[in-house]
Amino acid sequence: MSGNTFGKIFKITTFGESHGSALGGIIDGVPAGIKIDQTKIQAALDRRKPGQSAGGQANASVTARKESDKIEILSGVFEEKSEGTSIGFIIRNESQHSKDYSNLANTFRPGHADLSYFLKYGFRDYRGGGRSSGRETAVRVAAGEVARQVLEHFCPQIKITAYTQRAAGISIQKTDFSQIEQNALRAPDNYAAAKMNEKIEELRKNGDSAGGIIACRVTGLPAGLGECVFDKLDALLAHAILSIGAVKGIEFGAGFEAADLTGSTNNDIMRANSDGSKVEFLTNNAGGILGGISNGNEIFFRVAVKPVPSIFKEQQTVSIDENGKFHNENLKIEGRHDVCLCPRIVPVIEAMTAVTLCDLFLQNQAGRI
Amino acid sequence: MSGNTFGKIFKITTFGESHGSALGGIIDGVPAGIKIDQTKIQAALDRRKPGQSAGGQANASVTARKESDKIEILSGVFEEKSEGTSIGFIIRNESQHSKDYSNLANTFRPGHADLSYFLKYGFRDYRGGGRSSGRETAVRVAAGEVARQVLEHFCPQIKITAYTQRAAGISIQKTDFSQIEQNALRAPDNYAAAKMNEKIEELRKNGDSAGGIIACRVTGLPAGLGECVFDKLDALLAHAILSIGAVKGIEFGAGFEAADLTGSTNNDIMRANSDGSKVEFLTNNAGGILGGISNGNEIFFRVAVKPVPSIFKEQQTVSIDENGKFHNENLKIEGRHDVCLCPRIVPVIEAMTAVTLCDLFLQNQAGRI
Amino acid sequence: MSGNTFGKIFKITTFGESHGSALGGIIDGVPAGIKIDQTKIQAALDRRKPGQSAGGQANASVTARKESDKIEILSGVFEEKSEGTSIGFIIRNESQHSKDYSNLANTFRPGHADLSYFLKYGFRDYRGGGRSSGRETAVRVAAGEVARQVLEHFCPQIKITAYTQRAAGISIQKTDFSQIEQNALRAPDNYAAAKMNEKIEELRKNGDSAGGIIACRVTGLPAGLGECVFDKLDALLAHAILSIGAVKGIEFGAGFEAADLTGSTNNDIMRANSDGSKVEFLTNNAGGILGGISNGNEIFFRVAVKPVPSIFKEQQTVSIDENGKFHNENLKIEGRHDVCLCPRIVPVIEAMTAVTLCDLFLQNQAGRI
Amino acid sequence: MSGNTFGKIFKITTFGESHGSALGGIIDGVPAGIKIDQTKIQAALDRRKPGQSAGGQANASVTARKESDKIEILSGVFEEKSEGTSIGFIIRNESQHSKDYSNLANTFRPGHADLSYFLKYGFRDYRGGGRSSGRETAVRVAAGEVARQVLEHFCPQIKITAYTQRAAGISIQKTDFSQIEQNALRAPDNYAAAKMNEKIEELRKNGDSAGGIIACRVTGLPAGLGECVFDKLDALLAHAILSIGAVKGIEFGAGFEAADLTGSTNNDIMRANSDGSKVEFLTNNAGGILGGISNGNEIFFRVAVKPVPSIFKEQQTVSIDENGKFHNENLKIEGRHDVCLCPRIVPVIEAMTAVTLCDLFLQNQAGRI
């Protein structure tokens, strides 16, 4: 119960199923008097929508589902500034094709939340994933953009950038941020993105799907964010990022590779700058976090994204009959589905990172003496 | 601020620095009338202590620091049963060698929380890491054993087992749970453990240290644990586990490998059992969690542990002078230190897993109709 | 910051200003599978609206402002049952006469939140009270009706009844629940209500307003609700009720009169019933709560409601100029306003009581062994 | 469950039964670098102890039980300054006369939490009230003194003063703060206190007890504390104060008397000061709070305290037998007990007020732009 809230001071609470009439959320804890740019919130939502990340390549191979995400802000903003009160907003679901899903009412799709929801709640909203649908991430993106604007008010130099580092088995060879929005994969390497896209197109034709790895970098973040025991910066980011559907892992800095390093190779060497006013790190195996607290270095983490579970190949699975008995079943999923989630999860990771950092920043403010 | 609490219903709040007079905690939310076995709590603490995981090998190469961890339960338990009130307990620090650390008062150890604490709080408790010391995990282990006993009351078949899967570059070749406590590494493979130990001994002689990977498996957990959006089971476990010092990553099921799989190879196939009463999974790429909710399959996750940052080689670092200026410095750390943290983190991972699962179990109870 | 949430398991989060485009809320923690009757939610909202509590008397003297409160439930309910997910809903503001308030933009109304909001937030949403307007209680009433339905699922015999006990200096002489909805005051005594109404009408003609006292009784509540230290049942009810605008005090059972009693006259005598199966109380000075936990007796508390601050007499007050200087001012408020809030607060008190009890009931469920 | 924590940023969590080995608490959220004066914490505890409030009169008539309250601070303070980490502390119970209570093991004392605890938890720690004992307020007083020191760091002019306004039916006739610690009642009127004491002595001889009313005033508090909807300043204070055992009501400013006022007499008139730099109030019917937010005026509230339920007259009550059947019983309580709780609750009310204000102050800091 009650798992629909994230954050302590900057706090978001959300609602909405994929096929209900609307999704939405409440953002609590925005300080009063901060400029809230609604155009940028809409732009963030538009960027999350399918078909928005294309550069030279056709985007069609990556994703194929249509959604419209017009936000309506209902409270908390007056004359373009935050009022200090809670910001409520909704995003209508325009096309709820419930009929598309009726054949799934009694069948549990492999790799989806269908079975676990059924076992938890005793029944199931079979309309396209219900609350477990990726559709709920639209609300996160809107809240994340508000968080980013609040952070930017305090730290104008902050920059949160996520990108596809690997997809369908192909990795980027360079990290040119200017290319991220130039290709369908949101990869900072147009050439690698083209290769990924080819591979994804091949999988799509085969009725299959792809996973990938997303990296996220935060520059311009002050040192000192994160709390000392349970609310470490990395712990909270892990909570935030693993709460995104399809994410199966996270690692900070050297991450799993650190397991094979030794202390002398893993420790990041610190150097005083020329006038002794600050400390600089020669490496970043820690990912910018020591003891759970940002150390002034770039925050860096990597996220594992599983392949889309909705595929067009016939799959073995189970259904349930009216007496509550399970039966083996062969299932062929229809409709339109993403083939690789990476480019669409990129903005969601940025959003959840912004929400987490904004909350910790405001927590730090509370403790200033 | 206020990051010393974990959980919503089963809630632990902790305190204590490595060199203060005591550590301790308060466990809130234990239902009334559950048998609390204090002997087992002490046994869990003893298991976490250095020198307790040895089998055939000498443990000395892995860890070398002495601690005594006698727990004193001060409230909430009456005639061996929980009273439904908060359980307060303390663990005294017996030897607080503050003098050992005085040479570190102005120098920031690489790989430690020294600098980030200083930048956050404006000053520093230099006595051995203060609140960031691994010493605080003793409190987690005590609370975790209470959580395990509560869980066991409701699910007698539950079993949480963590173990070292890889250390100093060497992986286990088999998973024989009966061997975990037979070797200094807490690896389920005595032969591999011996190899790891050799490698660690070599690093120790070299003044260096090792990292590793810990795996954790939970069997006997009911399906349906975890909440649908932000408090997904994997998100909460990630929060819990990443809050342990030295942990740099977590992955569930196939984890980062899932990034390279396709939907058809990653989706776990479900089958009805013979009488249709339940669903079984043929594989476990999901790690027992779908849509953030346990699906009845084994919970499986892996954790990256960085090499111990305290090494005996001379390191480049910085110090601060009385005017707040940073200076470059060469540092040689003295004293006794662990060489590889894996065997000592194993019980902490089990503890935090128990705390997380217990909390979610009680949340599920709240929602029963 | 972040004060827009109430509850721990059954948790409501709300938003909305009096003159924004909508108010709304998110209810989290409703167990899955409970029948949610939307007609009753709308009925509860309709009952809160002005002009709905009239019996024989014209209601006009009590309140005079028009609002329409159509609820739109956006999520969390599927085929008339709760899904276990968060329930989002909105209530549109239909007539936002912002122009009515422009003359108040720089003047602080006595008895209102205008000045304290300004001093807190640094600026002010002058449109009719903004977030501090009584309009936000519509959201509480909707959430309260959901709480009541959840409680009723578990305790079908539960009954929460609030009523005006005193208004404009006149008290009820009897407590006939069947008369509550028969008069404009929501008093369980039509004759006293007529007297109150006369007095209120007189005040209205005089450009003045009235306060009163509301009582609340809960029958059919199980013993054992409330937590032992900070979350005592009376403490939580006090939090919930004092969070309603215009409420200035609360007392349980004998309340302030208990201050003058002695132990021997204040202690409620307990008697075993005839077959020894339960305990009955001969009196109820405790208001059904001992040690912060319901004892099985009727819950009884009384609430002080201040007179409506918006009056039509000229009042001395202050305004602020563009340089941030305060000036003395004479103010004459215009528009339509309630004269006595009691009948409109009655449903809000019932709602907040239901929310509090529902949350504590679900907390108790979490602890069942 | 989980009701042992209060506050959001400045957060206290407590434990301890009257006859366990110790009570204690954890204070989280204290900013780093604030001077923590342990002598004053001990002094606050000493002031709460019986026999410490005597001036000219013998205190014996008011209270008669011996306790020793030595605090041991275990963490979070280093070189007399807060470290920013959680502050853990314990207070030992020195004399746990469990035998005194054995005759009460199966009998439920009237006016106590015995029955409601039994009905909640299914069994009972009969040793002197267990967690419901007034003994737990020692922990609140310690935490409250820390809160006061933190508040004082930010607002050096803040002053929280509670005092007995009425006891055993006798009210003070003047409010001379300098006399509060000069009499056994903690009344700001030595003459009235002598009268109260006479009356209490008479009741004591009669085997009976007395209630009273405590007032609390806060000066020097900045405007702007309190949140707009559920966490109004008065709502949080009500929560905090009603969580103290024996408290049966609270009212702010004119409180229940406001129910009989009209808008024109209840509204506090505001005036600009001579240079227009601030607003002053001519009256304080609002108790310093408008719309749930402090308005710069003195905070004023009154608290109803019930008579001590432990009396020496024989009382009718019930007991329970081994088969779970209730029986009527006559009970004569023995041992030493307070006759009037007012002077001992005075420091607890100050403590809980400090905790509440400190938390809201830090929340405000979080939102500064």
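Read from first to last, the chains carry the letters A, B, C and D; within each, the first residue is number 1.
Throughout what follows, contacts are C-beta pairs under 8 Å (C-beta built on N, C-alpha and C of every residue); 3 or more make two chains touch, one makes a residue touch a chain.
This is a predicted model, so every value here is computed, not measured.
Trainee: Look at the interfaces C-D and B-C and say which one is made up of more C-beta pairs in contact.
Mentor: Of the two interfaces, C-D and B-C, more C-beta pairs touch across C-D.
Trainee: Looking at where chain A touches chain D, is over half of the residue numbers used by both copies, so same, or under half, so different?
Mentor: Shared-number fraction above one half, so same.
Trainee: Determine the centre-to-centre distance between chain C and chain D, using the mean Cα coordinates as centres, and give it in whole Å.
Mentor: It comes to 26 Å between the two C-alpha centres.
Trainee: When the centre of a chain is set as the mean of its C-alpha atoms, what distance in Å lies between chain B and chain C?
Mentor: 46
Trainee: Could you list which residues of chain A touch at least two other chains?
Mentor: 1-5, 8-9, 14, 29, 31-33, 84-86, 120-121, 131, 228-229, 362-363, 366-367
Trainee: Of all residues in chain D, which touch chain C in the complex?
Mentor: Listed in rising order, the residues are 1-6, 8, 14, 108, 110-117, 119-121, 131-132, 136, 166-167, 169, 203, 207-213, 223-232, 234-243, 245, 247-256, 258-273, 275-279, 285-287, 289-296, 302, 304-311, 313, 315-318, 325-328, 363-364, 366-367.
Trainee: Can you check the complex and tell me which residues of chain C touch chain B?
Mentor: My answer: residues 8-9, 29, 31-34, 84-86, 153-154, 228-229, 362-363, 365-369.
Trainee: For chain A, which residues count as touching chain C in their complex?
Mentor: Within the complex, chain A touches chain C at residues 1-5, 8-11, 13-17, 20-26, 28-33, 72, 74-76, 78, 81, 83-88, 90, 120-123, 125, 127, 130-131, 362.
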